[in-house]
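What follows is a group of structures, each given as structure tokens.
What follows is a pair of complexes built around chain A, which joins chain B in one and chain C in the other.
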Partner chain A sequence: MTQNTDAPAPRTAPGSATAAPRGLVDVRRRPSSWTGLWFVLPFLAFYALFLLWPAVVGFGYTFTDRSLAGGDISFIGLDNWSESLTDAAMYDSLWNTLWFTILSVPLMVLLALGMALLTDHARRLGWFLRLSFFAPFVLPVTVMTLIWGWMYNPSLGLFNGTLGRFGIEGPEWLFSEDTAMFSVVIATAWWQVGFNYLLYLAAMQSIPKDVYEAAAIDGAGAWQRIGRITLPMLTRTTALIAVLQLIGSLRVFEQIYLMTNGGPNFATRTVIQYIYDSGFVGLRIGLASSMAYVFMVLIIIASVAQFRLFSRKEG
Partner chain B sequence: MATSTPSAPRTVQGPATPPGRTPPRRRRVSPGAVALYTVATLAALVWLVPLLWAFATSVKPEGETTVMPPSWLSANATFEAYASVLARGDVLRWTMNSFITTVIVTVLTLVICVLAAYGFSRFDFRGRPALFALVIGGILIPPQTLIVPQFVLMTQLGLVDTYWGIALPQVVAPVFVFILKRFFDAIPRDYEDAARLDGAGPVRVLWSVILPLSRPILTAVGIFTFIGAWNNFLWPFIVTNDPEMMTLPVGLGTAVGQYGIQYAQVMASAVLGAIPLLVVFLLFQKHIVTGVAGAGIKG
Partner chain C sequence: MRDVPHHPSPFPPSPLPRSSPTGPGRRSFMAGALAAGLAATGCTPPDTLLSGRTRLRQWNLFAGGDGNRMIEMHDAYQAEHPEIDFRATTFTWGAPFYTKVAMGAAGGRGADIATVHLSRLESLAPGRLLDPIDPALLAEFGIDDTVVLPNIWEKCFFDGELYAIPIDTHVLIQYINLDVCRQAGVLDADDRLVEVSGVDDYFDLLREIQGVTGEYGLSMDTWNPWSNFWALYRQQDGDIVFGEDDFEMDDDKALAAMDVMYRLSEEGLAPRHSRDADTAANLSNGHSGLMIHGNWEIPTLEATGIEFSATQFPAVFGNHRTRGDSHCYVFPHQRDRDPERTRAATEYAAWMLHNSLTWAGGGHIPAYQPVVESSEYDALHPQSEYREAAENVQFEPEAWFSGSAGRLQEEAAGALTTLHQGTQTPEQSLDQLKATIRDLISVPSPV
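Entry: the complex of A and B
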């Protein structure tokens, strides 16, 4: 480090006399070959310590029987890997994660599109619609789960209470294996769709007005303008939103953990919760790390495939 | 459909009026517009139901919250539940913890990401392409998969149950380096050349040329870092055991257990937990909307 600080100093000394020419000749390329590194260094330090290092260390854990409770650590080869790859509960949690993704992505793309179309057309309600549709996005996850858990309460909640008023017996919501995942997906859509909605809204409002005006002169009605102009011009935005939502949905954990704790009967336990359960409840760090790596690889494959697909569309 | 027909004759005179404006508002309200505004209003109201219901529950006397069928208004509305929650003090304590850690995360993230983006955007140095690729690759790693080794690291550093332990792992945001670099790349170099001719060094150029031109993107990154850090659950949940050190989202997660079936108090604590960021949102609504637009469309 100290060696580096010496390096630029001699260069600036002669340079300062001829500061102007130096700036003219070589404005952006290497004012000094080390300067850029100094700017990048703080980020790299944090990056190395809190991301790369844990990633490397975690990989090392996968070959040991290290426990969060302490005790002797011994090398056990690929045991953790074979255990996580043959564990039926691991595949169940992978399926739950995938099921959540399959349910939530189309819902949260279409809902966002519909809300943005409403906002784009009902201009006079603009601020009210933006407030109402986006506000849930800024809620802490626990606020969301407290409120929805209360509304979903089978005997005392708003939903079944209101249904009961009409003589309908409502479902068990979060307390039944059949409905728990759907309930979580609905709550998640309410909470997180606001971001997709804003992306759509911004894209719609950047469509030039004269395109619509020209179509209106040609006699195109409101629905035709949506179908022939708005939607085709939003293809890229839709792809972007779908990619972001897919990656986001695959990483689901917090709201499900808080609402159902993975239940009933593990029907909603996601991969990240299984990793958490294995590491922080079962205390088996090695096993949890190998699961984390299996999942990380799957996510990276999904992300890269999506970005490939997306950039091809773009080009 | 019907809405556009009346405007057709008017557009003939259109060129006389300044262009770029939508055709003048029709005086007669068309059935299409009525339907549109009705649907939009209903949708917005439905979307507000959870928040309104939380508030409605929170101002009921504890005995009325479980009366079936549910009613939206209570004749005996009271802020008793809020008083009880606030009297315990923990919600305020958690809010303060959230505020401190969120400010640390936001400031540090902005500083290191801006510096790194500037370094990558404006300087050539040995290993730059490889380092940039390394940073970009980090976007793909889901931070949730690193919780176990990160927790072990924090134990070794003695940072469990501390503000720094909550904040530090959250400041690594490779995606913001990427977004900021793209923004800096688009700034014409001419401005800097002028500053450089006046003898400004790299830090000076960043501070007085690049940053002022980047205000919208900095605001957007700042706001989203703030929201993300304030609402982060998993990491603070793992790195805190002491209720005194919990952040608001983590602490509220224990509320159901604490308040049991006192639903008015549970909902009062949820409303209190919602207020800080709702206020931030109302204050910065415009920046948030344009920020999403900028980050989403350019990024």
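Entry: the complex of A and C
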């Protein structure tokens, strides 16, 4: 009892006019916040068990030579960290991830915008465009990589077969160190752009019609309406899509693993695959953990930087 | 990159066409998954508890055609052994499977018996992750050194103890598109390929076939070339010996092998780019007359309906040595090994060997010699055409990172693919390969 009555006391103690209402709000909210806790508890438990705890334990692993195959574990200090930071293959794979991101983020934002604009204007064919632009997104990654793997096949595939008919010798797509990453990016864009497209389309359709009507009455043409109304009103959506796409692209793994397994000659091995190779093929879970931490820090830096960039524009 | 993606490897375009979407496969997979779940929690399934049957849990990595054959054998085994409560669980082939076997055994709660590649024995730390097998008990069930080829049997021992029971030998063989090769006039009256020996003669043979196809002479996997390299290197007696911080290999012989790979693609006798599934497609649609691939491709080619045969790996360097491996049974480490279940597991393994004629349907050469010498096996075509390959099999060098789906295959593929693509000369490729191996040696062994 005393505790209950004591608790609000320190908060109201300053006695200033502004402090008092805050204290009152706290007292009233208190019981409900405990109820809320019960609702989030299942999530919190899973979050702690499968995310926080492994993250903490994984950090501990980075200082050991722990192997997935068990055996004696010894403390090896910063050896894993120095190996991660001096390994040339680690930097190669980091660059591959970055290169994929540089190629894919602008492409998948602009493409989605263009597709959404098209759908928004082609009202009569809208349902057809919505269906065809979004359909690839629902394909499982295995199906997508199989389809594109065969289409890219230099001797038997659709692309080079078609080009060959016109007497053009097509590129080697996934099989050449020069073109493999571009090929993966094109396939990824086809597969994943539908989500960005949907976000853009939803945002576009929530722009009030009367704004366009007013502009039309004032004599604004179609391009002016896009440039002066649609695009400015999509800024927030663009920021959201860009951040989501950046994180998504940095995390690229499965389609590359399935299409090229990092080849040819490691030209498409991303950092996540390298971490996977070190940890699950090479069994060195301590080393793989430190690599994952290095990469996590980089993702956080990139996300924060991008968030700052966009929020400043907003402000 | 795994160099033996014979069971659905995770790399397209192979997985979907290969994995069998049939009902029984999925059902038994689910049953197996359930069994694994129960095993993991340490519970005995109620039916086992009530019936007093002996519990036997098997883990394997066979899907697709091999998976169906194993299920067929398991059904027969269960029918003959009602007193055994047998459950098999199939995992994804390759690294994911080995990770699970190692982790299960590290916790002392592995399956009673598991299938692995013999080449991976060392990477599974025999003695720590694997429990030894009692040869006397195995002999009681009819399996000993008199019924298995000596070159395979010896590989099953580690530090003088038996750790593996070989099921088969699987090797790279040479496939023949009979239609194409007949037109090229390179078959004898019995539809057997004319015997050629040596690099020049072999290239001449391929040129004749190329004259018919207009594309290639030989179809081969250029994406996972480690196995082809190892066969060509071993045909010249080349070897890799790993030391404490360094290794020895024969540069001249490696260069000779690499030169063959380089020239095959450079001359257009073999494709520059061909992955697992492309390789079989090139043979079946007549883009090539011959193909070097694992014996596990037989079911794939049978499904295409073309007329084909097979023979041993070509004698490019004067003999038919070929890269190969064996599937074998091992006992993953268990903290509380139960003698009754160990006995049941040993008997099960022996039963599977005795009945491995079914297994031979998938192209593998059974390890159990009475089956290979039987008239039923004689009647299997083209399996009986290359049975001598079991004596010519060349295992991979011994190290924790070598073997099927091991790190060496994956890392070496980078250097070797460039030979077929023509982006590196044999000298450059050898330098890269040696740097790769040096990196692997410098890493402390995780097992």
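Following the convention adopted for this analysis, the second predicted complex is superposed on the first by the 283 of 315 C-alpha atoms of A that agree within 3 Å, B and C clash if a C-alpha of one lies under 4 Å from a C-alpha of the other, contacts with A are read in each partner's own complex, and residues count from 1 in each chain.
The criterion applied here is as follows: a residue touches a chain if its C-beta (ideal position, glycine included) is under 8 Å from a C-beta of that chain, and two chains touch if they have at least 3 such contacts.
Note that the structure is a prediction, hence the values are computed from the model and not measured.
> For A:V109, is the partner it touches chain B (first), chain C (second), both, or none of the two (neither)?
After superposition on chain A, A:V109 lies in contact with neither partner.
> Applying the document's definition of touching, compare chain B and chain C: which contacts more of chain A?
More residues of chain A are touched by B.
> If we overlay the two complexes on their shared chain A, which of chain B and chain C does A:M204 touch? Say first, second, both or neither.
Neither partner.
> One more residue to check, A:L283. First (chain B), second (chain C), both or neither?
A:L283 contacts chain C only, not chain B.
> Once chain A of both complexes is superposed, is A:P136 in touch with chain B (first), chain C (second), both, or neither?
first
> Is A:F50 touching the first partner chain B, the second partner chain C, both, or neither of them?
A:F50 contacts chain B only, not chain C.
> Looking at A:W223, would you say it contacts chain B, chain C, both, or neither? Reply first, second, both or neither.
So A:W223 only meets chain B here.
> In the superposed arrangement, does A:A189 touch chain B (first), chain C (second), both or neither?
After superposing on A, A:A189 lies clear of both chain B and chain C.
> Where does A:L146 make contact in the superposed view: on chain B (first), on chain C (second), on both, or on neither?
both
> When the two structures are overlaid on chain A, which partner does A:I256 contact: first (chain B), second (chain C), both, or neither?
In the superposed model, A:I256 contacts neither chain B nor chain C.
> Which residues form the common part of the chain A surface touched by chain B and by chain C?
Shared contact residues on chain A: 68, 142-143, 145-146, 149-150, 155-156, 258, 280.
> Tell me, which parts of chain A touch chain C in their complex?
Contact set of chain A toward chain C: 65, 67-71, 89, 142-143, 145-146, 149-150, 153-156, 172, 175-177, 257-259, 261-266, 277, 280-284.
> Where on chain B does chain A make contact in their complex?
For this pair, the touching residues of chain B are 1-4, 7-8, 11, 14, 19-20, 22-23, 32, 36-37, 39-41, 43-45, 47-51, 53-54, 57, 65-66, 68-70, 108, 111-113, 115-116, 118-120, 122-128, 131, 134-135, 138, 140-153, 168-169, 171-172, 174, 177, 189, 192-193, 196-197, 199, 202, 227, 230-231, 233-234, 238, 248-250, 252-253, 255-256, 263, 266-267, 269-270, 273-274, 277-278, 280-282, 285, 288-290, 292-293, 296-297.
> With touch defined as at the start, can you tell me which chain A residues reach chain B in the complex?
19-20, 23-24, 27-31, 33-40, 42-44, 46-47, 49-55, 57-58, 61, 68, 115, 118-119, 121-122, 124-125, 127-136, 138-143, 145-151, 155-158, 161-162, 164-165, 190, 195, 198-199, 201-203, 205-206, 209-210, 213, 216-217, 219-223, 237, 240, 251, 253-254, 258, 272, 275-276, 279-280, 285, 288-289, 292-293, 295-296, 299-300, 303-304
> Going by the contact rule set out above, which residues of chain C touch chain A in the complex?
Residues 1, 10-13, 15-16, 95-96, 99, 102-103, 105-107, 124-125, 128-129, 215, 223, 271-274, 278, 281-282, 285, 287, 401, 405-407, 410, 413-415, 417-418, 421, 423, 439, 443-444, 446-447.
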